[in-house]
Amino acid sequence: MEIVYEQNYNPKTADFTPILRAANAKKPDAIYIASYPNGSAGLVRALAEVGTDAKAVGGGMVGLQFAGLMAGLGPMLNGIANYDFFVPEPTMNLYPGASALIDRYQSKVKAENLKVDALGYYLVPWAYANLDILGQAVEAVGSLDQVAIGKYIRDNEFTSVVGKIKFGKNGEWERPRTLVVQYQGITNNDLQQFATPGTRKILLPADISTGDIQSFNSLRK
Amino acid sequence: MVELFIKNLNAGYGAVTVLNDVTIDVPNGQTVALLGTNGNGKSTLMRCISGLIKPTAGSIELHEDDGTVIDLTAATPQEIVEAGVAQVPEGRRLFPDLTVEENLTLGAYRKAARATLATNLDYAFTLFPRLAERKTQLAGSMSGGEQQMLAVGRALMSDPRLLLVDEPSVGLAPILVSQMITKIGELGESRGLTILMAEQNFNQAIRIADKGYIIVHGEIAFASKDAADLRENDMVKTYYLGA
Amino acid sequence: MKYTFEIICMLLIVGLFVLTQVVGNQFYFFIGFVILQYMVMATAWNILGGYGGYVNFGSAGFLATGAYTAVALINFLDVGLVEQMVAGGIFAGLLGLATGYLTLRLRGVYFAIATLALAIILETVVAHWDYVGGAAGTSILPKRKPELLGELIVDRKAGIFANYKEYLFFLMGTVAIISVWVARYIENSKLGRGLNAIKDSEEAAECMGVPTLRLKLIATTISGAMMGVAGAPLASYLTFIDPLSAFNLEYAINAIAMPMIGGTVSWAGPVIGALLLGTAQQVSSLWIQSELNLLIVGVVLVVFVIIAPEGIIGWFRKSRQGSRR
Amino acid sequence: MAIFIDLLLNALVIGVLLGGFYAALSIGLSITFGLLDVVNIAHPTMLVLGAFIAFLLNSTWGIDPVLAGIISTPFFFVLGWLIYQVYYNVFEKSGAESLRGLAFFFGLLFIIEVGLIIQFGVDHRLVEAPYIGQSWNIVIGEEIDVAIPFRLLVAFVVAAIATLAIHAYLTKTFFGRAVRAVAQDMMALRLMGVDPIRVKRIAFAMGVATAGIGGALMIIVLPIEPSLGRLYLGNVFAIVVLGGLGSISGTLLAAVIIGIAESIVATFFGPSWAPAVSFGILLAVLAFRPEGLFGKTAGAH
């Protein structure tokens, strides 16, 4: 693979059109973006304004999973492929208890008017699983001895709201669990459409995929 | 048409008393000289009249022709300007980053003067043609003489009835001093202005004054009866020669 | 006694050491380090800002210079913490000197903005310097079993300190005490009096024969060096460093707020300010909400500049004078 | 070659538009700091407050963000009025404004920021408007076309109108001239029958009021979150100082210079160098011409 353009941006960048234009000038087939929320939103807008001929766009864009940004950007997201942790697609049912957890989270946010993410798909299940695993380990070990707890977590498989989890040699997931999703068929800025299946088709992992990748421009009007 | 009466005025800064029992009368249409060397209280008196310093005792009044009395003793500087009193302050105090024209226009801030802005501007430019030439120049970039012209012009823009001029000669070359004093004298005549001028240049001041006061250590040391008295009285010479 | 203050300083350092040996919970050293670091920052800021009247908005730039000097040294030579701190001090001191030269003609707000600009430029440069991690930052794993002068310093069983937190705490505490001593020395020296004269009126000071230029350069250098020393252990403390956190404006703000709250006229002001504000921030971030950290700084700062313009020190002095009358 | 011209042309156009946007962020500070000598470092955070108000009006009632900015302007005017009242009585009156005043605004900055976090959380927020995400493509030649994003164009036009209006107000009206004179000589202004404190109060309130419309433009151009103000602190001060204190037109010009510099650097050298370039310009100007590019009197006094 040949890299034709690679640049960093500054968190204060107000407008990303010059960057996209400079990238487009190199006629890339794919644009991989690793960005924080401000840059993610700025680049999504720039993609809407300047456009691109690249066939695939996206990658590691933090922030597009947030309810506020999803609603704000709406149809501009179509065609972008991005990482995610949890989306309301039917194949995600293999995680027992996750949807019940999300339901509880969403109603609590609504009832108590909490200033947090309104949907909670992105982080809530994994944050819950985090503490759940720690809790299971503490109970199994029966003490707060850090060394023993650490060893237990490394050696055992856990079941939590995100399914079965086992850690590998360096503390990573033994089987990668990060999703790659593509934004499809988003028609307006209504937040609730992101709570229904179809707006973020799972491309990877293959065993739970709900759609195939389509070229960036074919998904945009 | 107004006459300025100051009676038994005391004033100072904090605990320091500068003016002590000052009584002055500036009759309508006359030019009165307030003479004294540096640090005797001339500027303090001027500031009192303009309301920048509040006197601790005594009164400052404007008497109109029809008998109306405007009490300025406790008035704000704004009210005093509205009453028709303008001051050419010591050291000129121009707005250095504004142009000549803008400085002049600011002089016409008073509501009554805004309507006659154009006429007054023309008058200022006729009085000091130099200002017309330098209309768009920044005030801070002009020479001392030009700045003094601008300061006088600016004060006139508010259509005053009483003009206070504080030390117009400071920092000017002798030839310019005499020109400036002459101009001020002419002003009194041509516009019928009542003028109180503070000066330490006795020679020049008494040339145009209808009467005068000498202020020493914050007290009126001498008050002349008329112009002739001011020019000829031995007291003046004594003070002037630096007794 | 002539050396009372110095003896107290020595006793305090010994006291810090005893603390590290007696207290078992690492957590206290974890938060204590931050408070002590702020104490150095506040004291350093005050030398230029409080004594000389020159407001430095770019404190974070000096702190980060120290931190990144340390990172570069770790990558290049794998040296220990003490060497990192010395080098961090030298480089940040040089930066201070350069700042002084570059901003000689600037006063008041202009100086403040120039220091801010300098910090931003440095941040951009560091973000492009891949050797120290670039914009993405880099992880720093502290050396296992570090030695200093042949002694094993950090080891769970055989070291002088059982863990890095204790070691970092002790080092920063020592630096804080030395900084305060330096600040107090400057305050009572010709340099301090000269800076005070500059603060009152630079023209007048110059007329009286105060070498304003030289004094300013000395002050920017010392102040910068102190901040660099305080910043050097940052990478080891966080075990990760990136430009965004090292150049965080919060450092600059705290470095200003603490002396303002404590009082800028004397060395004790920044110390009191750092103790109060630093503790309040650490406590609030633990037990309340982390955002309240900043709210506390904001409210306390506003309240203090309004009701106690000379800071806590000034407030005490006033009430003492009041009761004497 | 065509590609180069294409990039250059677009960089210039975007730079000018961006400059207009920066001017909208800086103009209030150009009044409060440039003309009145009040170091309102909370200004960028007030802009963020304005942006959140625009967000609130937009997301609750669907009000257009520009209109929302205009609606919130009176609120900011009152806020500025009140802040100056405190500032004057506590600091300016006693002549203690420099260091303590600075600290006061520093504190204010954090109070507003945390207030926003408590009210809105730390999420990024966007507004909806038909012109966001659309652009105007002008084909100039083979492989050369200029794309003008509407959100930047809206920001530029509104900023230009606001800046010109303020400039006209300050040069053509009696009160405006008094505003420009007030930092130069308060006593002389008193002698003109002007109450300088009232002038400063109203002018300061005007400067703060620009945070209403400026904040609205901010959220039109980019997503906002409470601490965004701190990121722009350097930029807005840089622009005001670069333009020369007291010069509104200088501020506009400096903003455009910074905008063009940033966009050219972003296009040809990479976006991450942009801040170093703009602050490099500022530092160079400060070191060699402290009065700024268009300032009249020396800034180094």
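Per-chain numbering from 1; labels A, B, C and D assigned in written order.
Basically, a residue touches a chain if its C-beta (ideal position, glycine included) is under 8 Å from a C-beta of that chain, and two chains touch if they have at least 3 such contacts.
Predicted, not measured: the structure shown is a model, and the values here were computed from it.
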item	value
By mean Cα position, the chain sitting nearest the middle	D
Computed distance of Cα centres, chain D from chain A, in Å	35
Approximate Å spacing (C-alpha centroids) for the pair chain C, chain D	32
Separation of mean Cα positions, chain B and chain A [Å, integer]	77
Whole-Å gap separating chain A and chain C, where each centre is the average of the chain's CA atoms	40
For chain D, residues contacting two or more additional chains	118, 272, 275
Residues of chain A engaged with two or more neighbouring chains	8, 10-11
Residues within chain C bordering two or more other chains	124, 127-128, 135
Touch-based graph of the chains, sorted into line, ring, star, complete or other	other
Pairs of chains, among all present, that meet the touch criterion	A-C, A-D, B-D, C-D
Chain A contact footprint on chain D (complex, rising order)	3, 6-7, 10-11, 14, 17-18, 21-22, 118-121, 123-128, 132-135, 147, 149-152, 221-223, 225, 228, 231-232, 235, 263, 266-268, 270-272, 274-275
Chain C to chain D touching residues, read off their complex	49, 53, 55, 102-103, 105-110, 112-114, 116-118, 120-121, 123-125, 127-128, 135, 249, 253, 256-257, 260, 264, 291-292, 294-295, 297-302, 304-306, 309
Of chain D, residues touching chain C in the complex	33, 39, 86, 90-91, 96, 98-104, 106-111, 113-115, 117-118, 122, 230, 233-234, 237-238, 241, 272-273, 275-276, 279-280, 282-283, 286-287, 290, 299-301
Chain A-touching residues of chain C, taken from the complex the two chains share	124, 127-128, 134-135, 244
Complex contacts: residues of chain A adjacent to chain C	8, 10-11
